[in-house]
Structures are given as C-alpha cells and as structure tokens.
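Shown below is the structure under consideration.
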Amino acid sequence: MIDKFVRSVAEAMAGIKDGATVLIAGFAQVGEPRALIDGLIEQGARDLVVVHNTAGRGREGVARLIGEGRVRKIVCSFARSRGSVIFEEVFARGDIELEILPQGTLAERIRAGAAGIPAFYTATGAGTKLAEGKEARQFDDREYILEHWIRGDVALIEAWRADRWGNLIYREAGRNFNPVMAAAAELTIVQTQHVAALGELSPEEIATPGVYVNRVVHIEAGDPPIKIE
Amino acid sequence: MIDKFVRSVAEAMAGIKDGATVLIAGFAQVGEPRALIDGLIEQGARDLVVVHNTAGRGREGVARLIGEGRVRKIVCSFARSRGSVIFEEVFARGDIELEILPQGTLAERIRAGAAGIPAFYTATGAGTKLAEGKEARQFDDREYILEHWIRGDVALIEAWRADRWGNLIYREAGRNFNPVMAAAAELTIVQTQHVAALGELSPEEIATPGVYVNRVVHIEAGDPPIKIE
Amino acid sequence: MSESANWKPLGREELAARVARDIPEGWSVNLGIGIPTLVGNYVPKEREVVFHSENGILGMGPAPPAGHENAWLVNASRQHVSLLPGGSFMSHSDSFALVRGGHLDLCVLGAFQVAENGDLANWARSENDNAPAIGGAMDLAAGAKRIWIVMEHTTRAGEPRLLRRCSYPLTAGGCVKRVYTELAVIDVTADGFRVIDMVPGLTLAALQDRTEAPLLG
Amino acid sequence: MSESANWKPLGREELAARVARDIPEGWSVNLGIGIPTLVGNYVPKEREVVFHSENGILGMGPAPPAGHENAWLVNASRQHVSLLPGGSFMSHSDSFALVRGGHLDLCVLGAFQVAENGDLANWARSENDNAPAIGGAMDLAAGAKRIWIVMEHTTRAGEPRLLRRCSYPLTAGGCVKRVYTELAVIDVTADGFRVIDMVPGLTLAALQDRTEAPLLG
C-alpha cells in the first residue's frame, strides 16, 4: 500500500543534506509551509540555496532561516522590501549571496525544471540590467534572453487536503508556487491542513498528483494571519 | 455583461481566414470538437495549417477536412497509421505538407506559444532523425535540441461545461490537448456539452479560465463512440 | 507653480477614476501597487472586467469590509480581496504564463519615468540598488498587450518624468502605450508623446513646461 | 530451431507476467502499445502501482468488462480503461511535462532493435518512412527514469534484435536499462548486455547464437 504520510515534521525532514537547494512555496504567508520551514531550522542542514519569492519578511519563516546563518544563497523576486530586516543585516555583512529574478521568470524556471527543459528564451528582462551576462537572441524581430531551469533537491509545500498517494488540493490563493515547486524537486515534502481518504479528492480537481510527492505530514496550521507581516 | 456564447456553429466560425493555423484538440475522438470541425468545413476557409495529434483517421473530422483539400500542411505526431486512409491518398499525391513531431514536443511547443516562450531546449528527439536541421546544444553533458513555439490563429476546443465568461471544465480523458490549445490561439472557439451559470463552476476546478476563450457554442454532442475508429 | 491658479490637478482618487473610465467591458486587467490598485474601485459593477493578480487569481472583486477578510485570498499587493462569480485560481506558473503569453489586455502600473519611445523605468532609482524588489513588474511590462502608466507628472522636486530617454534602469523597452498623470492623459505614439486629454484650464504650453520630451497636441 | 526441444519460450502473457514481477509498489509506470499493455494485468491488485497514460491519466485501472466501457476514458493506445481511487486527470502538456521531466519511474515499451549501449529503435524500420506515427515514444524514451523493453528476441526471419548498433532510426540514445524477451531478461550495463534470467533449459551459448552483441553471463 502506498502511504506517503509520516508521523512528524522531524520524520518529514529526515535526510536533507547540507548544500541542498530548497524550494519554499507560499506568497504573502498564504500557502506557506511554515511548520516545515521551522522543521528545516530544527533539522540543522546548512549552506542551503533557498528559492522563495522573497528574501523573508519579519522574523519568522524564511527570515529566521536566513537569520540563523543557514542560507548560503537566496533566489527570489523581492529582496529589499519593507520587512526584509533580517536579510538586510545578513546581506550587508556579505554573508549571503543573492540572485534576483523577475517573479514570472522565477516561476517559469522552476516549471522548466519540472518539465525537463534545461533552458528557454523569454522577453522578460530583455534589454534591462537583469539581462547582463545572459545570452540574448532575436526571434521575429524581438529580443529574448536565455534562462535556465531551476531544480530543487527539496521542495517544501503547504496543501489544503492530501490523500495517502500524496495527491494534493490547495485552497484559493494558497495554490501559488506550490504546484510548480512540488513538481520540480527530488524530495517533495508536504504539510497538509486536512487528510482525505483515497478517492475522496475529485480526479478533476487534484492540482498536484501524488507522483510528485514523497512525504506528507498532517499539520492543522489554521488560517494565515489576517494582519500580514 | 460578458457573454461569449454564440447561437450557432456558423456564428462561432465566422471570420476564419484562408491560410489560418488551426489548433484542433481531441485524442482518440475523446474531447474532439467534431461539430466545430464540421463547421470549419462548412465555413470554407482553405489553405489551412492544421495542428492535431493525428493526420486524421476514418473519413470524418480532420480526415474529411484533409480529404476536401482544405489543409495545406498538417502538424501531428501520428501520420501514417491504421485508419489514416484519406491522409495517405492526399500525401501520396503530394497535395499536403507534413510536419511530424513527438507528441510531447507537440504539446510543449503549443504550451510555449501560450506562455510567450519563442523557443526552448528539449532532450526528446536529440540524436535522432527528427533532430536533422534543428539546433543542438549541450547542457550538463546531455544533448538537447531547440524547438520553437506553435501559436494558432484559431483553436477548436470541446468542453464538458462552460459559463458565459468562457470558463471551461473538461471531462476525464476529454481534457487532453484542450487546455493547452485553448491558451495558444488568437481566436479560441469552444463547443460545450453543458452550460453552467456564472459562479457554478468551482474556482478550484476551472481548467481553462475564460480569459483564453472567445466564443462558445452549446452542442450536446453526447458521448464519444465506444467503437473507436 | 503660479499658473496653477488656472487649473486643478486630479487627486489620487480622481486619477484612478479617470483611468477606470477608459477600460472597456470584457478586458482582462492587472493592476499594480499604489494608485493602479484604486482603479478597480471605479469600474462600475455592471461593466464586467476580469481582474488578474499574479499570485494566481482571475476575477478578483473588491476588498471585503474590515473584519470580513478571507485569510486565503490576498492579491499580489498583499491586500485582502474577494472573488467574483466566474473567478478562478491557478498556480504561479500558470498565472505568469498568462501574463507572459500576452493574454492580459491591460496592465496598469506606476512608474518613476517613461520615455517617448515607450521605455518604462519603475523598479529602481539607481544602478546601484543591489538587492531590489522586482516582483512581477518586468513580466507584466514585457507580457501584457498594453501597459498604461499612472504617475505624478513630475517628481516632488519638479523634475520631469516624461523623458526623451529614461535615466533609471529599465523595466522593459517600448512597452508603454499611455500615461495618466494628475495633469493629462498622454499616448505613446510612433511620433512620440501625444496629449489626448488635459485637466480643464491647463494649456499645452504649461504642460510642456513640466515635460522633458516634446508633446504633440 | 532444433535445440528448442530443451526449453520453452515464454508466451505473450507469460512474458507480460515476467515483467510485472519486477515492478515494485509505488512506482509510476507508463505501458506502451502491445505486450507492455498486458503487464498491468499481472501486477497484483494489492501491490499499488500508479499507471500513467500520455493523454493525461494517472492511476489507471484495468479494462472494464465489455458493455461497461466509459466512453470518456481511453488510454494512449485508444483502449477503454478505468480509473482507480486516487487517480487524476491532467492536460496533454502537463502529462508530457511529467514524462519529460523525469517523473516516471518506468516506461515499458516494445522495440524493433536495442543496442548494447542502450540505444532504442522502435518507431521506423527504414530511413525512408516519410510519414511515420511517432506518438509519445521519443518523449517517453528520453524522459522516463528507466526504459524496459519487451520484444521478441529475434525477428520472424531469425535476425537478431539485440545488436552492437541499431540499424533502424533511433528513438533515443542510451535509454534502455533492461530487455525482456521470450527467452531471457537482459540488463544494459556499462559493459554491455548482461543476462540476468533465462527460461529453464536455455544455455547462454544458445542465447548468444540468437544475439548479435556479446552477452555477459
């Protein structure tokens, strides 16, 4: 019997290695796998490359992971912003590398990793400062730049409902980076708000099929905060 | 009020020009917009480039469109196969161009068209006869070939349920090429088995949002045939 | 500015309403942070416009009243929103495929500078910002069918923002189709900026005084 | 072949059952047309394997009895199938992203020829087929984590199919990990073909007689 549920966050995080590339989903704290991020801090892996939409806000989650000196490099679309206080400190000390990407390029590079596409051309960023050092090429008289795939060793995912095959359904804007990151990592770890029996999730509605999922832990995290950090 | 419903197939097909590239969804007659294909035959546009998984089987649908001499070029993954009798005749006479693609490359090239990616690298077909004339490139010691986007002037789509915004839900294996083709054409025309009130389709389950859809016609086509041609 | 006695600049809300007037029914529209976000409030409910948010929402409705927020429903500006009947959710990758594939009829953005060839600068005020927050701006600027800009006509110091060439780092080249300021509505054409509307009492000469690039009347 | 008195080749069904024996629980598996399709029938129901079909099905179950087909549920071989609890549907583009992104643990395909370096030829018997039916074979061959081949050990004319180099056009290079024939199970290793199982009574020498490339015992 396929059963991807594990009993604890500690079990879910087992085996993550120093130097791993970790994709962390979530947008504005919605669909963010906070319990797994805390679990990663607890687990102890260092020298991580973290791929997340921001460089962390406030003092929890990705910000805390950075603050504890565990992130060698952050790949994100929002670095400096109101609330990115911990990143600012660490970055000012020169203790973290930064790769800044347009948000859609970030999403598409992860999608390319999931789909076996090592590189693709995009108009986003062409002719701008972000194109520096990137290969440019014309197609039909428009300039595009070459972007490469991003693949994770680990993806941390928050789902609304999950079954024992690892099939996932998300909730409203909690979907965001979750499906694409879940599909782009070697080891995909999920925290789910609810557990569904096999066959209970609609086959038409499953947003991430279990094939992409390795471990699921049941965490009743509750709603994201209404006051957004 | 947004209302993408039109009253007839003739109205749905209005304005399709000679020389148009037409994406036609469906796989093994499931999710195939047969009424729209018949409508296109009726409508009269000629010199078409048709993108479809096969070069037609039997004597109806895409096969009939080809048989009536309306297709200048067919882009497909299955050309010669049991049942491709009409294509064979026309191809033997030299009256149709053929571009043959691996099925996944076909789907991904259409997805690239939908996503604004003019070209991408793929391992599929690298080192084979189908790579001839295509740019090859190594990434991480593996060989890939460059494939270009496919965009349609028109897409013909079959949905299970549609609302007046053009939001679509498909049925089981009837999804196939429908969502990706719907997103990759300038003019996306849908035949739907059922009409839903606005707000009736689950926001989590909508597979094609109405943004991609231009015209919808209600056709109770019924089930695909159990005896497959 | 002494001649301002003759005319009155639009306020933030009036400016948002002015933009909203030009959005036709049926368009798919993304609204950037700031004044652009306010535009949605001025599209009459019976004129159906499909609002998109980069984090995977189509068919956004107005902000819910305080105390009635849905914690799971935030837009790309991290504000709580609602979903209209007909709305739907998608992943970030599907959402940006929609943006980058040219499926938005319009994106309304703020800007620091716009050049007469349509170049847009709205993400950095200096070449030296080494840790910027770009978000989806470059994807939207390069991907949407039309970019309309809402911004103040000049900087607080009175420096023009409508320029021959942008001095700040570009977001995307040649993407801006129209600029709305508190003083005027200006199209970007093959011949440069063309004024299509001004606040009552303002003269083209007075507007030109506040604009670096030449204005066509 | 006179020495066949000493051993009995596997029939189609036995061959399918032999392949099924080696598929562990939890794998995601795509089955090609022909004998590969039969493999699913021999995986015991209690050993959960997630079968994939290129046209967008995960979690396929067995063929329904005649008269109980679901018209909307066909696999990539255009046969009616069923969906297991836990199964799901996806688009062709998502389905092939799954294939091409390396998310299938196994794909079982038929073949015309396999070379000792793992090259596969299974779509054309001649360079001159100018209108072939390729379908998803090249995507599967290039994308799945493992390709296992099920084929007859020789052609009807007795020509070997396990070769030093394929003479037919390639489907993909170096992709085959294992070959199942009616006579033997043969792994493709860095050193070439290695026999890991043979039908009772068959000798390595007799198998080598039917094989162009050298076999390691």
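Chains: A, B, C and D, in written order; residue numbering restarts at 1 for each.
We adopt the following convention: a contact is a pair of C-beta atoms (placed from the backbone, for glycine too) under 8 Å apart; a residue touches a chain by one contact, two chains touch by 3 or more.
Remember, predicted model here, so these are calculated numbers, not experimental data.
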### Query
Shared touching chains for subunit B and subunit D?
A
### Task
Return the chain pair with more inter-chain C-beta contacts, choosing between A-D and A-C.
A-C
#### Entry: Length of the line joining the C-alpha centres of subunit A and subunit D, rounded to whole Å
35
### Message
How many angstrom lie between the centres of subunit A and subunit C, each centre taken as the mean Cα position?
### Response
29
### Message
Suppose each chain is reduced to the average of its Cα coordinates; what separation in Å results between subunit A and subunit B?
### Response
33
### Task
Provide the C-alpha centroid distance between subunit C and subunit D, rounded to the nearest whole angstrom.
55
### Numbers and ranges of subunit D residues touching at least 2 other chains
83, 89-90, 96-97, 100, 143
### Query
Which residues belonging to subunit B are in contact with no fewer than two other chains?
108, 111, 115-117, 122-123, 170-172, 203-204, 207
### Task
Could you classify the connectivity of these chains, where an edge means two chains touch, as line, ring, star, complete or other?
other
### Message
Going by the touch definition at the top, which pairs of chains touch each other?
### Response
A-B, A-C, A-D, B-C, B-D
## Note on the structure
Interface with subunit D, subunit B side, in the complex: residues 27-28, 30, 55, 77-81, 87-88, 91, 98, 100-105, 107-108, 110-111, 122-130, 170-180, 207, 223-226, 228
### Task
Can you check the complex and tell me which residues of subunit C touch subunit B?
25-26, 28, 46, 48, 50, 52, 58-59, 83-90, 97-98, 100-104, 143
### Complex contact set, residues of subunit A against subunit D
1-2, 111, 113-117, 163-165, 167, 183-184, 198-199, 201, 203-204, 206, 209-212
## Note on the structure
The subunit C residues in contact with subunit A across the complex are 53-57, 69-76, 78, 80, 83, 89-93, 95-97, 99-100, 124, 127, 129-139, 142-143, 169-173
### Query
In the complex of these two chains, what residues of subunit B are touching subunit A?
108, 112, 115-123, 139-140, 142, 144, 148, 169-172, 202-205, 207
